[in-house]
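Think of it as A, B, C and D in the order they're written, each chain with its own count starting at 1.
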């Protein structure tokens, strides 16, 4: 736990500094708001409609595929850490077999995704 | 384990989750959830489960929250969409039911006889320890999870992909 | 960090009177402060350097007025921006608009906690350090998406979404590549990974096997993309999106985004150094310097040792930073669909392939072969580098340009 | 490490049925990925072959005198093998139904086949493991595949709606299930059912294990769609493509009961009086609500949804019936197993016929769509009526044998009140089960083309099989009840 304490300290320092600086700049800077200054920037024109329109589903697909692959990769890390020692103990083949099955499924998923065109960014919705 | 840290993190976690439920704006709610994920990670660190703590941030706060935010933006609920009819009876009933459940569980948990946990073994919660368990005793679970994730990929592609043959 | 603090405490009598946890706390505070200042200064200098390099590449001068050779330019800019009005658009989501810079700022500084600058100077040597770096990156993503959404500006939103999709996609090849290094070193601690390498180039990870060499490129490209650097700076492609997710930000809030971008630059370099170029490993150099200076007390010796290692680390990482800066002004920007294709259709399969071959290699190939391969690869690397310089010289000769070695001119 | 390799070999040999399934599913997926949209027929053939080989290997293992002692994470005993047989049978019939359905709807996606097999794999892990972790992963694999299958009719609005509803409800159910599992772990530090069973009586804990069981049961109840966790069922059953609905109505329930029996007997759930009361309440509510609401439906699929609710109640009642003088007799779970077999056959038969109903390129299962079917396709209408009769529990069909064995067990063990309720509700169910048949035979269609026009070969195969077995098992139930008795704990 002790090794993690500095993270908390850094968290506080960074957050505190950011807050302090923002406060300082708020105090120092001028405050002359006008309507057009506070309006949304749209290359000098009056903004048209709201920006918060619905988004293409492809972003969603990318995110969900990322999650799946992220989790798969996360599962591979404990394997990777133990791999070198396992080879030393002469169990390299076992480790390869165990990961091989997992890996085949992962690669099959990637391949499937590829062939189904889920990776083509441009010709989707 | 330092009890002060525990209580601090636990309070933040619960508080943020409650806030998340009460938020009107879904994005703000999602942000509350992120904070609660971080304090959960803090709790895991206190439990010496460092790997899990980092995973909590990497997978939940990083990956899943991005998806959450995407979905919220994707749905793009306007303010008027969010104004569902308030149903005080249901709210009241839910409050009573959840309050009763929480009280019940708290009472039950306090009844767990005090177990003196052994000091954490050297290497407990490290990646090595998790890995050696995962690839010996729980190897089936590991492989089935691979299968589960494959199903996830198929599902995402099948449902999320627009057919381009028509 | 712990041993170093212990050493200081044992040397310093005033500290021995204090409770141990208190002095630890004080030291950790101090070191965090030092890192904070370092990052701030680095970001400013990098901003300046970037403009100077850009100037040189585009045959112009770049900033050279404020201070000697314009080195204080960033400071002047900072002060100027500091005094600007803090504008929050009326239609923005006020809470999130204010909150987003904090996420980015904190996320960025948190990653520096785990970077080992020398054998003892690392604030938190976590046993899952590499993962920690990946995890903290996610804070930045959230900050970016948040700022994009909160601004209620079309450019911002598009930039934020693109950025998130991009960072998120490139995390897969990056994680897979790091996996390769973890496999080879057998640990996830950053210090452990450095320790598994050596000072000499043939002990660096990049020259250990051909696969690690290949793996360097997905990592490097991935971290460029995660840092929104050229050629992957789609999120803030100024020709399409004004300034991307930070379009609506002004004043000091904008400076925070600027800060994040340039400190990320250092992270790119540091990560590659740690994983592939031997980190702070300096071999016999510290002892040599100690002997040269005639230092005897253990504390001073330790400080000198760490300083030498710090210099080695800085040198390596700053070289990479320079390459990254140069890339920005050399390569054109890729399109969004190309960006995604590069990730999913090239980098990820390459990383997968690498992983398989590497796994088999580690079992099959005996150690002495590995050593020979490492030597051969180092030789090839040196030859390649030599060829590069030869080409540069040839080009200079052919174009009859004069090579000027004064970088500040 | 040597033990690891030994373990691995044990698992490989013991769980051979599962590995065949996995290999088949992956092969289907690979072929589909290699030649997208072109290889549907070979993929389906491979899928069916895989399932048949699995069935054979399961039976081969059944006949082995000493079953290979697979690892504790994967228990391959007769109970498991019996349930594997059931779910694989469901899989084969579903794929046959789906082939017909997709031929009619002109929409042959090969993923369907691999998803069915994936979800069967999930089911097998769900009920065959002694470790709650694996149970949960199996549950999730099963559910995730079915969420996708439910939504696989992408252009159908109802299908999308059903997928979302089922996904959210399923997610909640899984979360509740997992919370119960976590409580067990928190209280006893283990997730193995056999270890929990030993730890339960010794500890001084009172309500915590019961709460945990209640949570786990709630999770399963959602999957089973028993009252009061049934409200999603009609919408989802209606929206999902008909073969998928059949798969959900049978496969998920069989798997959930397989797991329920394991945990009921494993940790003596029924010996906890509170849990027993809870079950009684659920069973009574399910009987009443399921049967009464089925009467007022206008759509055959919705009606069958409520019918499956009430059948789930019946099976749960079968679990409760084995309770005698303060103790549960593990052996009596054979009635439940036989009931599930019968339920599977008649439900899938009915859904095979429903899958053929198409009008204007979409499913047509409203009662008005059935009008005149008795005249245009008398044999098919007759078989549908047969399945409905079996669901009511008409003597001579498997439905009768199944209900009889449950009710007689209940009477033997003194659950007279519940038994009477079950009989009454079976009589009530005749009202709604016979309504489609009445519509088919006695109402003239208002013109327009009949709802069933062509009958693909595969569908007729599965309908024939179901009809034959429904009658055969109805006439000779003893042999199969004996099998179930062997398989029961």
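Please note the rule applied: contacts are C-beta pairs under 8 Å (C-beta built on N, C-alpha and C of every residue); 3 or more make two chains touch, one makes a residue touch a chain.
Here the structure is a predicted model, which is why all the values come from computation and not from measurement.
J.: Counting C-beta pairs in contact, which chain pair has more, B-C or B-D?
T.: B-D
J.: Between subunit B and subunit D, what is the separation of their C-alpha centroids in Å?
T.: Result: the chain centres lie 30 Å from each other.
J.: Between subunit A and subunit B, what is the gap in Å from one C-alpha centre to the other?
T.: Whole-Å distance between the two chain centres: 17.
J.: Could you tell me the distance, in whole angstrom, between the mean C-alpha positions of subunit C and subunit D?
T.: 55
J.: Among the residues of subunit D, which ones contact at least 2 other chains?
T.: If we look for residues of subunit D contacting two or more partner chains, we find 1, 4, 8, 29.
J.: Give me the residues of subunit B that touch two or more other chains.
T.: Answer for subunit B, listing residues that touch two or more other chains: 50-51, 55, 58, 62-63, 66, 70, 73, 127, 135, 139, 145, 147, 150, 152, 154.
J.: Any chance you could list the residues of subunit A touching two or more other chains?
T.: Touching at least two other chains: 4, 52, 55, 59, 63, 66, 70, 74, 77, 81-82, 85, 98, 105-106, 108, 110, 112, 114, 116.
J.: Is the chain-to-chain touch network here best called a line, a ring, a star, complete, or other?
T.: other
J.: Who touches whom among the chains?
T.: Chain pairs that touch: A-B, A-C, A-D, B-C, B-D.
J.: Touching subunit C in the complex: which residues of subunit A?
T.: On the subunit A side, the touching residues are 2-7, 9-11, 13-15, 17-19, 21-22, 24-26, 28-33, 37-43, 47, 50-52, 55, 59, 62-63, 66, 69-70, 73-74, 76-77, 80-85, 87, 92-93, 96, 99, 103, 106-107, 110, 114, 119-122.
J.: For the complex, which residues does subunit A have touching subunit B?
T.: Listed in rising order, the residues of subunit A that touch subunit B are 1, 4, 8, 52-55, 57, 59-61, 63-68, 70-72, 74-75, 77-79, 81-82, 85, 95, 98, 101-102, 105-106, 108-110, 112-113, 116-118, 123-125.
J.: For the complex, which residues does subunit C have touching subunit A?
T.: 1-2, 24-25, 28-29, 31-33, 35-36, 82-92, 101-102, 105-106, 108-110, 112-113, 123-126, 131, 149, 151-157, 161, 164-165, 168-169, 171-172, 175-176, 179-180, 182-188, 242, 247-248, 251-253, 256, 336-337, 339-341, 344-345, 348-349, 352, 355-356, 359-360, 362-363
J.: For subunit B, which residues count as touching subunit C in their complex?
T.: Spelled out, the residues of subunit B in touch with subunit C are 25, 27-28, 31, 34, 50-51, 54-55, 57-58, 61-63, 65-66, 69-70, 73, 126-127.
J.: Which stretch or stretches of subunit C touch subunit B in the complex?
T.: 93, 95-96, 99, 126-128, 131-132, 134-139, 141-142, 145-146, 149, 157, 161, 164, 168, 171, 188
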